């Protein structure tokens, strides 16, 4: 399988398509805003004008969009993808979306004899660019094994999670943990700062203990440096918080701390920080505390 | 400095005093329940009948008690420690207590010309036994440097955090992070389980991603194994949650997710799980969700 | 305007249709489960086999369903209502649903020249039966004035809230307050009980103070009597909690206490109390506290 | 019983002492800041220079202070009250404080043969001035009956709640409900405003429904008028929130929505609104939502 159509060249898709090209795959790219295709064409990709053209000669169709609505529109709506894939092709949807959207896609493709995997990714801009993502996959086990070499080009590790929608389910579970860690870091750092501790020293402790996490190091240092340049936009974290809430609603699972965190993220977006990096929501905790975490 | 008095032989103090003996220090031990001294005496410790006797010949007095009340009682109350220490001695209090208690102790010792460090520890039973704790210290820098060789016997890393009470402040900040991580793990695992994911597979993903944490590995696997044997008792985590709440009250820092977590811990203790390991509070999240995380 | 079609004879619709009959209106009823029409037919209603038949001769079409999906299905789906109403008819939808559903309905009716009001109600079984509801209405002011005499038959007070969807918006805002009051009552009563106060005495105080509310009297006494017979089912309160959450999501309004309350309601439904009265969710607060509020 | 000593002339004590004078009692007043006595002296009160002088000839000693520390200081500390009361006198403490402080006071008085009631009040400036408070009393029933005529001068209703500390316990339970109602009003009004509803219309609905409360009318209208003149200061509401938290901690009762509300109040005080009326904390909810509730 060498021929890949890659649909969706956002911050994540761009990095992934680039790595596929570097690994020697023949990649045809399509993006709703066609200008975004240029750097990939420069790397050797073919550019398609429509999803239909993009998938025409592909063995594997990879999709990476921003949300459920974009998936709905590409597959069932104006993008008309469903009508243009054909038996034997494999669609791999890497979008973070609700498992119900995944199930709807999978069922529609199945009716046409098209194979389908949900394969959302953990990691952001840098990991996409470096092939250092962590991919979580739902669908048939044999199909996963077949596609695995492609996914391994993009990722540090690739995980088979079970049947259809287990990939998107795992993604939401993981994003709950990410949001929890940012909230914990924000609560800890504002409390520490107001208590008179040196934020760098606090990070030093977090760095070595049994409750350490790479996210504390990276986000923590950026917070002290007041660097909120965007790897994963806060508005997308709010979108994910809503997906998690809906997922926990469907399964009727109480998630009290995550529910509290979501309200903080909302307030942060109301401050106009939606385009900044997700870590910018810690600024909201600073606001609440009347303090700012920074180099002393 | 070779002569150490060690007061307080709970699950933590026992391990630390043992390591001091192994490292060649002359250790005199005292504990309110004297029976607990036996294993240390077997390792070569002298046993004292009162705090006064314990500290009589010591250069350094180390204290590790269960809470603020125990410290108050030992230092200012029935233990009468304050009256029995003398100029030139160094007291190192390793108890997790409120920074105000620390400040009160430090001020009282200062009046008598006794040196003081607050030096609470991260880690639990195993780390205490193995000399793998992480120690966070407040007080004079020079004093810290002087005592550091002793602390290094007990710890993987030792951190100077600033003046008096910066050790206990850091401890509370760190414990906020620990509780947040257990809550996040619990919410994630119950949600995942109810969604049909295999808990072991979820841990496998958490193990490698950028938001991983050693605590997820250890506690997560124990949760799946339904192993809640006590390293750090849940009732102590509730005590710490109250300390954190009071600390955040004094500094007027909103900590919305930690506040939500604290209410969950309360409910878990009401179930009668206070003597189990702290991780047992995840069972409360399972209760709320009507599901149990375990081997499938 | 004397000829009314009434679609949807749940606990609420039944009471309302009955009052219209008593007031002398000619009412044709339809319900998905046709058996529910019998008592109204006994009171003089005509029964229609389909929504189309029901609305054929009506001047005003009143709808009262259980949720957004039922509205979608009746209007746009299998009920085919949209195809069967005609220019000049007035549709009054009394369902508690998301304002977006209201807007979609209103727009579809407008295209056909059909007038539309959203008019959800506060109150439950008893108020519906007694004509003691409180109705909140969105849509054109003149249309509201025209329909008002009919609504006054059903209600103690009728409120014009503004343009389309202002009725359903107000309903969700009001339901947020109801859930908050039940949560406050539950927290207060469990705390009081565990403190050793007599629950009846506590209600006595709540009854007279400036922060009293009729809901405290009614629900409070029922709680003490352990009477959870259904006036408004807990599962519907959970449904409303989800509507409120989505509404607050769309408007990006943080509602931290309501978010916490929603998680409690979820847990109560997981206990199997969904068919009991909404007030049964206070039992969940009792569970958390390990205490039960009842006659001492 | 005609001779009363009244200690503590804050916003509440002032109104109550004035009403006792109007009702014909002989009142001797004392206040830490003596200037506050002047208006009561003008109404016929005697002014005492010390608590000892104030209570010398009194049959009943009434106390109304701002918090637990003030009570500690008056009774056991610099005020030296305990040393100056004598057998047969009755002390009535109307301060809102922790039940443990009440118990400590009661026990100390009992040793001296002094009778004691805890009798905190609901209501604020206006109710204190008008004799319209609601008083909740703990202590011996016969003693309550004996003092009741005095309390009735001050109150609309007076409630016997049980033994010692049941008055202060009820006060904390009631204040939990007050804070919940303000939070509910704030969440409702910000949500309504952002949804495009007219705040006055929303209050109109809240005014008549079964979930109405006088507090919604009063505070709601003041909010729309942006009137935060102080009847009960926000900083005192924060103090009460901490008392409630500690009370719920002692009883180990989870109060998830109240816990969330407390974090909002903290943030409001960090904005510098502590001296404004308690209702000013709704401004914090407006901040979070990026909207302001006011006349449209």
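Note that the chains are named A, B, C and D in the order they appear, and that numbering of residues resets to 1 at the start of each chain.
Operating definition for what follows: a residue touches a chain if its C-beta (ideal position, glycine included) is under 8 Å from a C-beta of that chain, and two chains touch if they have at least 3 such contacts.
Everything quoted here is computed from the prediction, not taken from an experiment.
A.B. asks: Give the chain pair, either B-D or B-C, that is connected by more C-beta contacts.
C.D. replies: Per the contact counts, B-D leads.
A.B. asks: So which chain is the furthest away from subunit D, centre to centre on CA atoms?
C.D. replies: Using the mean of the C-alpha atoms as each chain's centre, the farthest one from subunit D is A.
A.B. asks: CA centre of subunit C versus CA centre of subunit D: separation in Å?
C.D. replies: Their C-alpha centroids are separated by 37 Å.
A.B. asks: Rounded to a whole Å, what is the gap between the Cα centroids of subunit B and subunit C?
C.D. replies: From the centre of subunit B to the centre of subunit C is 52 Å.
A.B. asks: Distance from the CA centroid of subunit B to that of subunit D, rounded to the nearest Å?
C.D. replies: Result: the chain centres lie 39 Å from each other.
A.B. asks: Among all residues of subunit A, which ones touch two or more of the remaining chains?
C.D. replies: If we look for residues of subunit A contacting two or more partner chains, we find 248, 252-256, 259-260, 263-264, 266-267, 270, 288-290.
A.B. asks: Applying the document's contact rule, which stretches of subunit D touch subunit B when the two form their complex?
C.D. replies: Answer in residue numbers: 238, 242, 245, 248-249, 252-256, 259-260, 262-264, 266-267, 269-270.
A.B. asks: Touching residues of subunit B toward subunit A in the complex: what are they?
C.D. replies: For this pair, the touching residues of subunit B are 99, 122-123, 127, 134, 136, 156-157, 159-162, 166, 169-170, 172-174, 176-178, 180-181, 183-185, 187-188, 190-192, 194-198, 201-202, 204-206, 208-216, 218, 247-248, 251-261, 263-264, 285, 288-291.
A.B. asks: What residues of subunit D sit close enough to touch subunit A in their complex?
C.D. replies: Against subunit A, the touching part of subunit D is residues 256, 260, 263, 266-267, 270-271, 287-290.
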